[in-house]
């Protein structure tokens, strides 16, 4: 099965997208920020399409905003706008980023033997619902090779274990460079990453943990959930940091279980949760809806 | 049991609230609206605390925004600000409203024999979670009298049926005037209202319908749900219009049921859904989070 | 991509399955039924593994039971047991069926252009979670051909429209015979079936309707849901009868939506609901968990 | 407000209830158990109304069953039936209990300052949905006194802290005896119980913990949930054992939260979960639907 991504985007839509951008800003809260940002955009004939904001605390807090805007001839004007924005950013001590819709993020999917999360991501991507180029699939097993090849996505088999971790990670970092990868998705990739690797991709690695964190941190969460007799099981997608399963949580969900469900059944139910929880996180990241603040996420739905 | 509403608001908080307001605006979408609104507020030293917006369609659509702001000495400045705003509103063809936090909305609760929705509203109100003055409770039965009196809320028993509808509604309209009621809540009030009455209180009557609309419009929805063998039952809160159960939907929710659940059990389960779905709608209305547009609601969470 | 179904069943497990069966019984409720059934099984050295029952009404109602049992050398004894059971069935006016685990049901999947439900079924089947032989895939479009072929499942393209309905259905009935199909799954098959066709397969056609029935019966439910401004959208799996979308409901589920979700977004969200709601219904049917009673289903989870 | 429990039970229904009982059995799994139990009941003209069973493992496991039955003149026959059952129990090594519907369990509710769980229990009880006599309300604060008195339920104020724990618990044990209490409900009772007290009431103390256990065991779960940035918060009802928050879980549920929800908001949302999760657990206990097995619960819905 040779599968092509759906080409449901007409030329006109392409043009529209090429005139769209997102601006994300984080700064100390004070009066006038919305005014200065919206006036800046207005002056450049940019029309705000969507805007969401959050103040951590009206007094003395931080201010966060995500603005999606449309602007004719954006590609010609972007550089000048960004240049002009620098002064505003200085005045308000802003951390910020411009994201242009026509510059698709590039993704690498890491997977081990269980393919359900990978399949869900490919499915959404094929439907045109994941706005990314899937540049490469990396695995420490061969299970995903045929599916990767059927989609025409480069597949790299890199065996991994704790003895060769450093060497393997060096190869992986090299591959991420070659494939110009922006985002790493651990789609049930069952290997621990070293701090060095993680630091390389700060807030750019999304993992799916197969429990409702912070319950059942670490290995074998379904076995432990079964032993504890919980009545709901869950999954958690989060950015990877150097504290195991302690990174900023992006999304969580649960399903009801009962005393009749043995561990294999919990795993089956869990797979359904995992695939939707990971996919949502990836989608929000690609849509620039997530701001990481400390160990938490602000998500603009 | 004489119950007083919790006084969990200190003087300082009172002062803060008296400096808070919300501005809701609806207008044709065009560039610069956010800029003009935020600049207007900034000029008056008003700080935006929360802002949510929605464009029905980037081209040729409508624009909706809800801004909550804080402004020192707001009460002294409000009149002048509103005056100045008139020109902006004209320029942009805005429909708009200023709501001041220190001007609490006044509520009337209409109820028949079943008290669960009334009790839930009183509970939330008593906890300080419904920002309203409950001015009066109206019923066509006596069941709610003792609970109303225990809360010190005026209770009016007005028998109602189709033969005396006009006269009763005249009395009710009179009472609404006397008690200066802003919002009417039909908390399982089992009487049909005439178009005349409904027109009197456009988008100011909230009803709870005991089904997942548009399924089971009209009478006895639980019996019909049972007969149809549905696997979920629901409830819907909506503004009342002159089309039975066809008004703008505010909130809906469902619960799972199965073949073992007979009609009385469906009703019990349904009561849990009804009380939370009605309470949410009332809360959002009181927080000015709802804009009615045609037969639909825009809700800024 | 040539995909094989996972062979996760060892010989020993095969043997165990070949000694397993399910007995489903429906009869007038009266004392002693459980006693006579359990004693019958015990006498034949059959061990009850799972048993669920339901009385529609303690007095004058109907009694329903599903028993899963294990019995050494079941294949040698089944015929004799069934013969002996006839007398019990007569005494208690039972309608009943024995289902043997080693006699897998055969399935036909009908699909049009949208493949998400088909893909979900294939996925579950490939994981060993749908206990069926997928005998054939039928479509009035070519979209599903390559995926069918990649799984090695026969694919038949049968164009369909109201002018040629009779002829096409005759062909389909013929195909169902050839492929010895027990269950027909309409996985977003967008054609109306004639009463004649439906009668051919009573309680053996499962459809997925893309709304929360009985809301939005008929065509374009997502458009109508959008127009009505509902806050939850749903999907319903049901047996097909000759009343459009009125057959016995098997499973329903919903997801939350809001004013920002346009029709294409509702469809995307809806697809997630549809695929899980259809798959659950099919799974329960294959596990003989469903008894149809009038226009309702009794489901033994 | 003097509230009486709804008398929605007619004489005839009373008679029916007095002829109803439940039999719960736990024993090693082996063939013939259902046969021997159902035949025993049939011989005594008892009609099985509801029956649920569970085998922990078809081979070498344990068998659990809950049977609700109706039997004319049950009160005259109960003693003889129980006597005769002793032999069956010995033969099959059964642990068992007969529960008679006309012997209502007696309940004590323990509460501190927060009354929402207490109010929910009283509400359900008043509607006739909690099949118990609420014998007494115990508190280490005075907040619940007026509500208790309005329902005509004895209220005991027993101040508690770690220095006087032993003495207070002695008083409490004495009160439980005087009021003949079967079940203790900790409805947000914020005191630690000693092992001695807990042992006194094995599997007869139900607690509500304000987190999704095993996440956030111990104090201040909402603060910790906020700090961790979880996207769902939950509550857990469980039997109390001597390991803090480690007892057999009865029910759990969650609600979605986001970055805007501060700790007081989490608490408000949490209260809604707590009251329904505790009430379900109490209801199931009173309906004898729960069997504790090791550190887990088997719940027959």
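Should a chain be cited, it is by its letter among A, B, C and D, assigned in written order, with residues numbered from 1 in that chain.
By our rule, contacts are C-beta pairs under 8 Å (C-beta built on N, C-alpha and C of every residue); 3 or more make two chains touch, one makes a residue touch a chain.
As the structure is a prediction and not an experimental result, all values here were calculated from the model.
Between the contact lists of subunit A and subunit C, the overlap consists of B, D. Taking C-D and B-D together, the chain pair joined by more C-beta contacts is C-D. Centroid to centroid, with C-alpha atoms defining each point, subunit B and subunit C lie 43 Å apart. Here the CA centre of subunit B is 37 Å from the CA centre of subunit D. Note for the complex: subunit D touches subunit A at residues 54, 212-216, 228-232, 234, 248-254, 258-260, 295-299. Of all residues in subunit A, only 1-2, 116, 119, 123, 127, 129, 146-147, 149-150, 268, 272, 276 touch subunit C in the complex they form. Remark: subunit C residues 30-35, 38-39, 41-42, 45-53, 55, 58, 70 touch subunit D in the complex.
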